[in-house]
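So that you can tell them apart, the chains are marked A, B, C and D in the order they are listed, and the count of residues begins at 1 in each.
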Amino acid sequence: MQMLILLPILLPLAGMLINAAFGARLGHRTVGAIATTAVAAAFALSVYFFAQVAGAPDHAVSGNFGPWINVAELEVPYGFRIDALSATMMLIITGIGGLIHLYSIGYMKGDPRTQRFFVYLNLFVASMLTLVMADNFLLLFVGWELVGLCSYLLIGFWFSNIKNAEAGRKAFVVNRIGDVAFVLGVLLIFATFGALGFKEVFEKAEHLKPESAGVLTVITLLLFGGATGKSAQLPLYVWLPDAMAGPTPVSALIHAATMVTAGIYMLIRSHVLLEHAPVAMQVIALVGAVTAFMAGFVALTQWDIKKVLAYSTVSQLGFMVAGVGLGALVGAQFHLLTHAFFKALLFLAAGSVIHGMEHLTLTTGRHDSDPQDMRNMGGLRAKMPITTATFIIGGLALAGIPPLAGFWSKDEILAAAARTSPAVLVLLGVTAAFTAFYVGRQIYLVFFGAPRSEAASHAAETAPTMTVPLIVLAALAVLGGLLNLPAGFPAEGWLGHWLESVIGKEPHAPLDLALAGFFVVLAVAAIAFAVSLYRRFVKATQADPLERLGALHGLSFNKWHLDGLYRAVLIKPFYAGASFLARIFDQGGIDGLVNGVGALTRELSVTLRELQTGFVRSYGLITLLGAVAVVAYFLFTLFNGIRP
Amino acid sequence: MLETNYFVVLAGLLFAIGAVTALTRRNAIMMFMAIELMLNAANLALVAFARQWQQLDGQLFVFFVMTVAASEVAVGLALIVSIFKSRSSTDVDDLHSMKG
Amino acid sequence: MNELLLVLPPLIFALGGVVLLMVDLAIPRERKSLTAGMAAVVSAAAALCAILQWGLAGSGFQGMISVDGVALALDALVGVIGVMTIGLSLRYNALRGILRGEFFVLMLFSLSGMALIGHAANLLTIFLAIELLSIPLYVLSGIARPRLDSEESAMKYFLLGAFASGFLVFGMALVYGATGQLSLTGIARTLITSTSVPLLVVGAALMLVGLGFKVAAAPFHMWTPDVYQGAPTTVTAFMSTATKAAGFVALLRVFGVALGDLANVWQPAFAALSALTMMIGNLGALTQINLKRMLAYSSIAHAGYLLMGLAAGGVSGVRGVVFYLPAYAAASLAAFAAMTAAHNGEEDQSISAYAGLSRTRPGWALVMAVAMLSLLGIPPTAGFVGKYMLFQSAIDVGLVPLAVIGVLTSVVSGYYYLRVIVTMYFEAPPEGVAVTKGNRLSLHWVTGAIAAAASIVLGILPAPLINAVTAGVTSIR
Amino acid sequence: MQAEFIVFLAVALVAIGAAIGMALSRHALYAAMFLVLNFACVAVMYLLLNAPFLAVAQVTVYTGAIMVLFVFVIMLLGAEKLPAQETRPEMRWQRPLAIGLGAFLLLQVGLALALPGMRAAPEPIDASPLAIGMKLFTTYLFPFEVASVLLLAAMVGAVTLTRKD
């Protein structure tokens, strides 16, 4: 039993090692098969553990494999613990992960680097499982960093395109900024509680004296800072849209279904700390809602099929974060679950569309249009029926149309907002309408109307290894809502009951018909509006009908002009005197700020290195300067009244 | 008897002159001689303190500093000669190909 | 006679050096790998001896020397570094025409000085040990003469090293003047009663200059990039790992043991130096296009992280330092091993020369990648565990800003370490580079692989080492 | 007391003068001679400080051996004539900064000395060659051995650096 708990991690790890060592000799199909089998086996084990957890008296299975870092006062074991929350996450990771592995066999066909791709993918699954199975903050951080590393390697996977490598590096660095907060949070947890194990920390937090509440707020905000990096919230979300440069299965697995939810998982896991820090909760709810709104708004006008989904992901993550901040933990986890289903589906279906659009290029070698630009698509429903059907199911689930999964989970968060915070409700409500609109726009532009390019008119349905996962995921997107039906339904609130052992009993409300009805009508209206608008969009070169909105369209299309805003408000005044720096910020954007900080650091670096003149005497002079300064500093501390 | 401070101040002065000279002369041999002056100043301080504490330890320390100085001179002059052979120069400012 | 047992590891190095000096005369020029082998045996014997002596404690030679856990740990560490450096030098030195007997003799002398630092119980012994480690290094940096960069490196190192030695001796003189003591415990004893604390404090500060120079702490780091770049790469690898370890143990002995009660005066300065060193090292490395120079700045940055442990002090801080030294050494040696292996003979130090290494030399690319990740501190590498221990020790004593700077500068370091990985894995190799399928099983490769493996093993299973280090640190005398 | 002080003052002034002379000398040989003078003055100081054996060693080791070596190298390399100072624009701040920092360092040392003041000098102790020798080969036996290794290492190093091969 003890050892068995490691198996879900070890299996993908073994798959990775086998493929890394012998992959070159095995051939691409075998490599894919090994990787997929490893994850499938991990899935079977996850199901087994799920049952074990359900049967266990304390609703958890744990294993301790001796100390990792053991310094007298700090004892961090190789400890793993599967409880209801972990088990749920494991099912998502291995289940959806397995499907995406399967899909990748078809998707990566013919790519010379298939071996490396599956090695990374397996490593990712193992790391993600470590993250959710860890029983302490530090081991969680190991998984946290490793998934970041995998994400980085996979975003830059097609390195021949320098932009991909840049996007990968940016993702890594932005995530590291979040990690700074997370590491500091972990260090502060240890300084406060003298422990890092979840169990000990949470027990001590329950009994923390009221005057220490300030520390808890700081800890919580630091942990949340980590989550803003990994789960792409303001102001660190910038990396996620760029991350779509990676292969599409990666976008589905890492940047929609699993890794980006790590922040949400970590916050739910730390709910005991959150509950004692009401201020932090408010911040979290607000940041989530604002992120949801802003990203949803940007998604309205994008043309790139994956960019729309990317901003949509940021937006939906905002929903989950807001849910956590509102205290609707079950709702957040529920939305995490259904979102994993339908967003993975949407990405894979989008990948299928792109593959279909590339069909002409692959068969004739002609390359005339961007296969990801929705303006070049249209009318694909006749060419790719399975993709079309599954995409529409995913889209409607995302838009919150009953009885699909997204409706139920989104409704829970909206209901929580209605109970506690009108501001958040308004933001999320408007976002819900945006969501329905861009879903309608996307579905219509891609699958309906007439083909707007030659590539679109020659598109073809993709292979079964790709369509089968789509069908399975579509089924999940339809049925996922059953997992946590509102009070009054049969099998009501199953997920809530299931998670009770982890997050305690949460009040379970019946469906608020007025609220739900209002948002359904809103969503349907938004989709209908989108369809009516884009019926007249028949030529790829045509202007977006939304451009009639003028400034608002510009605001969305240009991602809030944050470029200019950041430049005007933050950067310009700050560097007004330093005109030589100005050129660096011309790239602009929040991107610009990130790049700008990087550029500033580089500028510092160059200046610093100019001191390194190569003249030995000037080195000596600086040594002397240091000597004088150190002596002065010593004397200063001495005369400041400190005596030994 | 002369106060210990007199000697230590003198030592400090010689040390400072040595340090400044080491940084203002471009000739490697000159720089090196200035560093010898710094060591010598330290020796003077050691001997003064040895008398202060009525010990021989400070004096013995000086013997070892002299030994170290001799070793440094051996290696340092060898280095200067060796570099002179390839560059025909003892100007340390000529050595700045590596920087940044 | 018994007393000699207390300094057996440094004694083995020194005697080994003397014997090898004579034996080498009989070895013909083209068989110098034999000398290297014998030097490796001596080095390994010293390390082994230190391990066998584990637990030994005591002092001898009229209080001139002592032995404790940290001393033996340093002996073992520098011994292992010595063996690995020799493992790297066979191929590299032969290609560069510096496979000379003196190389190994001088290395052993330098190693004896390093090992002696841990055993020093007297300011005089520390001074002599530091000179004994430095003087051979001045020569080793310049051993590739008449190469201009090697000569320049040696000259800069020598002049600045002697300059810093001046400060060290003057500082020792002032400390002696203030306390009347040369032995470390004697200084600690009289610290409380000293009537001239300002003199003591100035002396301590000047000693910090001399020792800070050896560990490449800013602002005494200026020599590091130039010297590391110009010296033969094997010497650089040796300096950046072994010298740093010895320097930190010297700081530990002088400030931790002798001036421990003065901690509230020097610890703030250590914290400031640590912050400055981390910033300068990481910023300097950021825009380097020369890999060797980048590693030199990285070495400065790591001196900053290590100083953090001393600034935090206490068992937890010192333990972090003593754990991080081998962790850093492993990663650093792996990086230098990969660097010297990637090209034949005339090395190209620019990072772009390593483009596509993952395809031309996949094994070495992996070694380099592991080294970069460990230096960056990504779990589960040794670098992560070590950094975590250091940062935690700083937070524990309330040095939160310092820990924040540490974490932030590690983020910055991500930029340049990852650039190496990007270059190796995500860029196409230059035209006309032969693809090597698999690595020939050479000594060089084994050394590099062991260093890389150590970086990972020490991260996954650090517990035994942490236990040993804890025992060593609590036995400091 | 008075006489002793006058001797000290006179020798100290010569020592400082010699040091400055070395610092400013245009000719390497003159600089070396100034340094010899300085070392001789320090030897006199050792006599004043009750360290006769050291004074002898100072003269034989420093002026007799080390400085001769310097002079030898200066003449060997023909490096007597020194280059004009600071012609490089990037080094123009070197001299003022060095002097300023040196003065500041001196001030700090002086400050440290001035505040508590050293106790009045005590009675001299036995510092004869015999006493020193006894101490050197008992208490300082171990450092003595280390010093011998150090000298050997330096010798090997010097040969390594200059040997033709």
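To be clear about the criterion, contacts are C-beta pairs under 8 Å (C-beta built on N, C-alpha and C of every residue); 3 or more make two chains touch, one makes a residue touch a chain.
Please read all numbers here as calculations on a predicted model, not as lab measurements.
Counting C-beta pairs in contact across B-D and across B-C gives the higher total for B-D. For chain C, the chain whose average C-alpha position is most distant is A. Taking the mean of the C-alpha atoms as each chain's centre, chain B and chain D sit 6 Å apart.
With centres set at the average Cα position, the gap from chain B to chain C is 26 Å.
In this assembly, the C-alpha centroid of chain C lies 31 Å from the C-alpha centroid of chain D. Centroids built from CA atoms put chain C at 41 Å from chain A.
For chain D, the set of residues touching two or more other chains reads 88, 91, 94, 98, 101-102, 105, 108-109, 111-113, 118-119, 139-140, 143, 147, 150, 153-154, 157-159, 161. Across the assembly, chain B contributes residues 4, 8, 15, 18-19, 22-24, 26, 31-32, 43, 48, 52, 55, 57, 60, 64, 68, 71-72, 75, 79-80, 82, 92-93, 95-100 that each touch 2 or more other chains. Of all residues in chain A, those touching 2 or more other chains are 609, 612-618, 620-621, 624-625, 627, 631, 635, listed in ascending order.
Interchain contacts join each chain to each other chain, per the touch definition above.
Across the complex, chain D is touched by residues 1-10, 12-21, 23-27, 29-30, 32-34, 36-37, 40, 43-44, 47-48, 50-52, 54-57, 59-60, 62-64, 66-75, 77-82, 84, 90-91, 93 of chain B.
Listed in rising order, the residues of chain B touching chain A in the complex are 19, 22-24, 26, 31, 92-93, 95-100. Within the complex formed with chain C, the chain A residues making contact are 66-74, 138, 141-142, 145-146, 149, 152-153, 156, 159-160, 165, 168-169, 172-173, 176-177, 179-180, 183-184, 187-188, 190-191, 598, 601-602, 604-606, 608-609, 612, 614, 616, 618-620, 622-623, 625-627, 629-631, 633-635, 637-638, 642-644. Residues of chain C that touch chain A in their complex: 155-156, 159-160, 163-164, 167, 191-192, 197-198, 201-202, 204-206, 208-209, 212-213, 218-220, 222-223, 225-226, 261-262, 264-266, 268-269, 272-273, 280, 283-287, 315-316, 319, 373, 378-380, 384-385, 388-389, 391-392, 395-396, 403-404, 407-408, 410-412, 414-415, 418-419, 422, 425-428, 460-463, 466-467, 470.
Residues of chain A touching chain B in their complex: 609-610, 612-617, 620-621, 624.
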